[in-house]
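Right after this note come the structures.
You will see two complexes here that share chain A, one where it goes with chain B and one where it goes with chain C.
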Partner chain A sequence: MATSTYNLIASTIVGSGGASSIVFGSGGTIPNTYTDLLIKLSGRATSGSQVNPSMTFNGSSSSYSWIGLYGTGGGGGSNNNGSTSSILLGIMDGSGDTASTFGSMDIYIPNYNSSNYKSVSVEAVAEANTATSYSYFVSGLWSNASAITSITLNPGSGNFAQYSIASLYGIKNS
Partner chain B sequence: MASAATYTPIATQTLASNASSVSFTSIPQTYTDLVLVANVLGYYSVATYIGVGIQVGNGAIDTGTNYSSTMLSGDGSSAASSRATNAVSAGFWATALAADNGTRNTVVTHFLNYSNTTTYKTWLTRFNAQQTTNSTNIVGTTVNLWRNTAAINQISFGDFNGTNFYSGSTFTLYGIASA
Partner chain C sequence: MADVIEVNCETGITTTRPQTAEEIAAAEAAAAQAAADKAAADAAEKAKADAKAAAIAKLTALGLTADEVAALTA
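Then we have the complex of A and B:
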């Protein structure tokens, strides 16, 4: 009988001082024993409203591109950046949004050990019971053949607020 | 007490050579939902995105006009929504290049309650079709319907326009059990 191969690798809970970033695999220590990676983030920034967090791999700040698709409750839109220093992670609540609201997102990274470019699929929401709240889909691409050994999440404005939680899961295909 | 495993790999395929479709057959009926994760690049003579799709069946892939879908998509400058009815597959978009430069894009599909024999089957697809700086990119999601009450035990992921996915494209089917 096959067994589950969806396992928690690491989880970070931001403390009272906040965190300027959340890093998985600091120093390149994400295990290479899985096929895909999945990050689940419940996050809030210490400044701004409806902020745009971002992600980088292996400490690199080049060769990223992304396309976004979003809805605000009043309409939809699409944006992109064809050459940038990080991948947009859609949307997250900030200190200017309703108190105690945290954005939620899934970040799926298939074949993170492969020698192909790395594709990322993001689904994110920031609902705050206000006139404008976002849901976001993002397609990200890191045009780099290196295996992903570390991941850095940046809040987009200020720091990650206390009680933000990010968890990294590994998924095996066999 | 340890929980039972509920996210289990059923089968995985990595293309050893270019192929126009990939099929999963004899899918066990012991799960509640299925998740298909694809990491693909299609071929086309110019860099673009191409129409691809999913077909399902019981005992054989249904190639009839029994599929419908609604798409929400964004091309980097505007959002759009479209529908297809009485279609021969549940379609979406995939990146295609004239030469394989290492780009692969993510497609994740969730098949809900796939093994029941009472209801028509639905699934949700999230697709990326992105090729670095090229302007012909698209991201989106689809909701899909197969008008058949049969349990799904076969799934085909294909470029039904007759072109190919590059070798090295990967397809993995997972089962999710609710109990």
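Then we have the complex of A and C:
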């Protein structure tokens, strides 16, 4: 039987009280047995519109940079931050957007155990059907040689709303 | 402020706890940074749109037709 190379490590769903952040690997418990990590997030914030969630590693708030490309349906553009405290996770719906809509994103983190700097790619969309909708691609970098042992997701505005779901997967190359 | 959800990936146990003062400060800083980044992107997009509108107005003033302007700016 073939070895599974795509495994669910952990998943969580936000309850009625919301969540100010979601931490995968509390206490540094993300296993080092995979090659890459993948997070799938279906999220909504309790405030704001078309909000910009963010991510940090190992509790660190330094040495991040990113470049974003986005489209609104009516136009597009780019932005970047060469030195910041977190990596942009693109776009997500907030309380000001269409009710019961959630942004969805894939966050890919290759070679998270390596001693090189950690690159990240993000694909995200915010599905506000009655207003401007965004799609977002982000290329991020954490300029740190440490293995990633915990990941914190922040909503960017308010809290993660009830029914937001985050799942962490481990990817093996064989 | 809502609690932090923590998932221990070794045990699979999910717990919630209040934010620490440091986490509150970090979250506020991250939100402020995100807002600033978005504002900068929005401003850049508006500046680009304004420049395009100004260019179209100047081309029109030079006598180009709407179709000719559209051909140049599409």
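Methods note: the second predicted complex is superposed on the first by the 171 of 174 C-alpha atoms of A that agree within 3 Å, B and C clash if a C-alpha of one lies under 4 Å from a C-alpha of the other, contacts with A are read in each partner's own complex, and residues count from 1 in each chain.
The rule is simple: contacts are C-beta pairs under 8 Å (C-beta built on N, C-alpha and C of every residue); 3 or more make two chains touch, one makes a residue touch a chain.
Bear in mind the structure is a predicted one, so any value in this text is a computation, not a measurement.
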Partner chain in contact with A:Gly77 - chain B first, chain C second, else both or neither: both
Touched partner set for A:Val23, first chain B, second chain C, both or neither: second
Contacts of A:Ala99 with chain B and chain C, given as first, second, both or neither: neither
First, second, both or neither for A:Ser65, with chain B first and chain C second: first
Residues on chain A lying within both footprints (that of chain B and that of chain C): 68, 70, 77-79
Interface residues, chain B side, partner chain A - complex: 5-10, 12, 37, 39, 72-79, 101-106, 108, 126, 128-135, 137-141, 168, 170, 172, 174
Contact set on chain C toward chain A in their complex: 1-12, 14-16, 19, 23, 26-27, 29-31, 33-35, 37-38, 40-41, 44-45, 48-49
Of chain A, residues touching chain B in the complex: 2-6, 35-36, 65-71, 76-80, 82-83, 108, 110-111, 114-117, 119-121, 123, 137-141, 143, 145, 171-174
List of chain A residues in touch with chain C within their complex: 9-10, 12, 14, 17-27, 29-31, 46, 51-54, 56, 61, 68, 70, 75, 77-79, 81, 84-86, 88, 154, 156-157, 159-160, 168
